[in-house]
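Order of writing sets the chain letters: A, B and C. Residues in each chain are counted from 1.
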Amino acid sequence: MSTSTTTKNASPGLVQRLTKNWFYLTLVGIAVVSLVRIVTDTNDLDSAGTLRAAIISTCPILMAALGGLWAERAGVVNIGLEGQMILGTWGAAFFTYHYGPWVGILGAALLGMIGGLLHAVATVTFGVDHIVSGVAINLIGAGAATYLAEAVFSDYEGGGPRQLIGLDPPTIITKTPVISEAALDLADKHWFFVSDVASVVAALTTNISTLTFIIFGLVVASAWILWRTSFGLRLRSCGENPQAAETLGVNVYLYKYIAVLVSGALAGIGGGFLALVSSSGYGAGQTGGRGYIGLAAMIFGNWRPGGLLMGALTFGYTDSLRLRDTDAVHALLLLVALALLLIAALRAVRGQINGAIVMGVAGALVLAWFLLTDSVPREFTVMTPYVTTLFVLALGAQRLRMPAADGQQYRKGSAG
Amino acid sequence: MPSEVDAVRLRGIGKRFPGVIANHDVDVTIRSGTVHALIGENGAGKSTLMKILYGVQKPDDGTIEINGNEVVLKSPTDAIDNGVGMVFQHFMLADNLTVLENMVLGAEKLHGIGDNARAEIRRISDRFGFELEPDVLVERLGVAARQRLEIAKVLYRGAKIIILDEPTAVLVPQEVDALFANLRELRSAGNSVLFISHKLDEVLAIADDITVMRRGTTVGTADPKTATKHELAELMVGSELPSPETGESTVTDVVELELHDVTLTDEFGRNLLSDISLAIHRGEILGIAGVEGNGQSELVEAIMGMHIPTSGRITLSGEDVTRWHTRKLREAGIGYIPEDRHRHGLLLDSPLWENRILGHQTEAPNVKGPWINRSGARKDTTRIVEEYDVRAPGIDTLARALSGGNQQKLIVGREMSGDPKLLIASHPTRGVDVGAQAAIWGHIKRARKAGLAVLLISADLDELIGLSDTIQVILRGRFVGTFEPSTVTPQDLGAAMTGGQTV
Amino acid sequence: MNSVRLRRVGMALLAPAIAIVVSVLVTTIVIAAVGSSPGDFWSAMFSDPSPRLRVNIINQTAMIYTAAVAAAIGFRMGLFNIGIEGQYLMASFAAASFAGAAYLGGFLNVAVSIIIAVAVGAAWAGIAGILRTTRGVSEVISTIMLNAIAVTLVGYLVDRHGVHEGNSVHTKTIKSGSMVKGFTPYEPRDGQVWALSILAVLVGVGFWVLLNKTRFGFDLRASGQSQSAALASGVNPKRMIVIAMMLSGGVAGLVWLPALFGDAGSYGTSYQSQLGFLGIAVALLGRNRPLGMLFGAVLFAFLSAQSNTLTFGTDVSPSIVQITQGVAVLAVVVAYEVVRRWRTRLERRVVADEVPAATEATA
């Protein structure tokens, strides 16, 4: 793969640089969103309901992205995430039906891990091209889930050949005492800034699945494990220079295996979330390409946990918005226009004139679109994440920094 | 000071790869607390031996004793546990990780990965004058600093036996001096150093003992206090070394290739080539000498049209070809023997006859119009295999299956086909056996007599001096000296190559 | 010489043989594991297909094969065109819209529609090619994104400009004068072999000739084997990437046309998706070789068609064949890798036996 061209003195990625000042950035971000909300008079832009939907949309993508991170940090490209996720949806449904939702989540992880194991055997042990193996895993995952659902779920209560509904979700926090109501009240005041923060608080404390918190916890845990432990260092060294790792006594195969298994498990949990939280059961074709989107979110986030979180949130938000008020979609145009113009200004300040012009023109176009129309077709919202990803890659691929040995074959004894 | 027990004793080591015997009957003894030099030509089997001692590869025969105990080294971990550390010729560092991360990788148990490790790195760095900052990304380090980091890595693991594989190949003279100071420091701290090289001056300067390897085995030992360079050279090459001498001059006054002030700049604005001017006449061999990585590859790629020069002009037979693509240049009659035949010269998983077509996809007898001429290409491949003595079962054999020498002979035969006007030969005999080497020299000499202009790039100074009509020395992308092969010595060239002296 | 070639053919067949055995085994185990009868399954699968299914197998083979060739063009030069799905979607929609609008009549309409399909497919793939060469974006990611964009874009366009009928929507129906039906080998109720399936034959032959007989094909294969060697041999890698990508997309554009002009008559609910992914699978199964892929396409079409008979008489659900197909693909790529390693070792030994071993290091 040649997703990124690494250069000797590459400046840190755009996303990376922005996340460095994440606190101020968050404040500015909230202010801008708040401004747009008030100017366009679309409170649904960041209402607690919208945000809740956005979080629910984000979680599966986030898990796929995190799974991608684990595998690629160890040097294995895993486009089999989609297939592992599909296996996860089936596993979650099956185990939840029999043993309840928490065992269901473990089951989802287990099924995803089986998909990961296949990928690891093919790519690590047998040296099959990573993309080829991933494509095959996706076929197997989809086929296995479809067949197993037809064979197993048809006889279950609430089940059919293509679905299994009425499953218990993992514990939901319906209401947090005091905070929920206060936040909702405050959000309904539609004040500048304050109400927007209140919306966020309300969304995080009301009607939210505990699994959501676990998932966000997994992101933090992954960041800690991969960057703060010796285990993580060894794992990352396999993605940067496996030959070097081998000469220092690191068992490269072992770490690659672990990474791909974890990767599959995380994707599986993402599938489990889809089945148990996003909807109330298994449905054929439920993943809808979220494994691929997760991969995109990871690249968007420059192979870093903070970055992929932002990527997943962006995708999750636009994904959720299409189900909601079309006015909000239209208001989103203004938000995008402002964001583009802001980036253009930043680049101009840094002296990157070409980048500034491209961003500026794009921003102006979107702004014109906003001013000249009253609504945006729903389909365009759906398309947004994909188009955004293409743009980010096209404009920033040179600055992205993937692990140096990502996607490469490695055979033991090749050092020296 | 040397103690009673030897640090390392290798006895009867043998290692075979499919079709190749890399090592056989190797005996080496390293006394404790000494710098031991292992010398030999490229391809003599030194690197394989080192990988065996470091557990990267398993020997097929023989025994390894470390500090008097026989050991079996299944992996680098075993070697590290036995106090053996290795600095590879190609550094084993992850650019995207910090000095600290590269250092502690695999040895996290010693001092953790945090402040304790940081302190230990500082201690080693101060002790030996390595000047390493723990939290700097390795990609920001220069070559010498990377090498110090590699040595520090080995020390960090508490190694007492340190293997250095061709450590000076990438260094400039001052850096070599600094390295030797470091090595003496290590020796006085009680470590044993195995120093691999083919540079005799350096070996005589630093070593306490010398072992010589040739054609996969140890052929003798020498005492640096008494041995001369000539004796060592004889041991290294043996008596059967063919001479690359070219005989009388065949240089004509027709200029075939000319470069005027060619400059090539990379994406960050650094000059890879600066104001290179040269002229090669028909029947002339121009040799380029230089420490690897000083612009030789870029020069070749600029002439071959793989990089368009930032400024300057290139003419071939009087025609301006500065902006021509590789294919057009090849069609115009340039033959090209690339420095890395696996990456640039062959399709390893294709049969020999398809490799005959590679690089000559638009020329007879390989094609007729837009069509591949299969029978023509096959017939001509058979001719090359016979004329150039390519040892292969047949032309349907995959290129990968041939030995390096036979692969190279195939490439030479291919590039000599179709009467080229200009041959660009990068390290044409690197990694090939002595027989193939003599054959390749013979072909180049014959072509020169027939009026071919040749640009010869080589790290083998004897080859350069023996074959060339003129030698240019390149340093940091610039020509820094012109030499007459009839009068120059390898020492003169060596000095110019490292910037010690310009003419 | 002949023994070398004979052995090579033998080894080339070894990998698919292993893969088929493995996928049969896995399928049998899975069926047994959920408590169904593998015996019933295999006897149903290997029964003689009915005339209707035979027609279906031929039509499906043609479409899958075309998609496989599209994938193989990319694979042979080391490009992963995961975007065939999106390319033939865009192309099918464009061709259906143009043909339905009836600017032209009769066969001229068909011919121009085919050209449009090829052009649209090539253009859509070309975006990925250009992003790769100018911006260094991996074609894997960009084609995945382009697939998703194509789905929404076509959904939007057909919704906006299509003909709404009840709950469904489709492009304007092609006039019967511009339909290319095909021939009826059995009874009319058994369906027709679509005439434009001939496109698959042309594509297959063209692919073989291009790859093995032309300079361009040599350049393409050389680029796929070793970018660096191809560059040194005078191939312009950027141009090659864009051309190969567009060629792949252009062929992808043809995938659904036999169905469009043979039966469907418009882009709508009868559109068959997933052919792109099946094509990629078949290309992997057939090792990107024209004959290998033909075998793979027939196998996939046969399995899918025969699985329809499972609903009568067995309790095995038809989707089991998806597992068979997926396992076959994974098994075959693994088996090829194993065979390749084995073969390299063997050839080295042959060379070593015939040529006295030279002493030298493998640096």
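Simple rule for what comes next: a contact is a pair of C-beta atoms (placed from the backbone, for glycine too) under 8 Å apart; a residue touches a chain by one contact, two chains touch by 3 or more.
Treat the numbers as computed from the prediction; the structure is a model and nothing was measured.
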{"item": "Neighbouring chains common to chain A and chain B, by label", "value": "C"}
{"item": "From chain A, the most remote chain by mean C-alpha position", "value": "B"}
{"item": "Computed distance of Cα centres, chain C from chain B, in Å", "value": "45"}
{"item": "Chain centre separation in whole Å, for chain C relative to chain A (CA means)", "value": "30"}
{"item": "Shared interface positions of chain C, touching two or more other chains", "value": "none"}
{"item": "Chain B residues counted as touching two or more neighbouring chains", "value": "47"}
{"item": "Parts of chain B lying in touch with chain A, wherever the complex brings them together", "value": "47, 50-51, 54, 56-57, 75-77, 80, 86, 88, 90, 92-97, 101-102, 104-109, 112-113, 139-140, 153, 165, 267-268"}
{"item": "Residue numbers on chain A that touch chain C, as the complex places them", "value": "1-5, 79, 118, 121-122, 126-129, 131-133, 135-144, 146-148, 150-152, 161, 289, 292-293, 295-296, 299, 377, 379-380, 382-383, 386-387, 389-390, 393-395, 397-398"}
{"item": "List of chain A residues in touch with chain B within their complex", "value": "7-9, 229-230, 233-234, 236-237, 240-241, 243-250, 401, 403-404, 413, 415-416"}
{"item": "In the complex, chain C residues that touch chain A", "value": "30, 34, 36, 80, 82, 131-132, 135-138, 140-142, 144-149, 152-153, 155-156, 159-160, 277, 280-281, 284, 316-317, 319-327, 329-330, 333-334, 337-338, 341"}
{"item": "Parts of chain C lying in touch with chain B, wherever the complex brings them together", "value": "1, 4-5, 8, 212-219, 221-222, 225-226, 228-229, 231-236, 344-345, 347-352, 354-355, 357-363"}
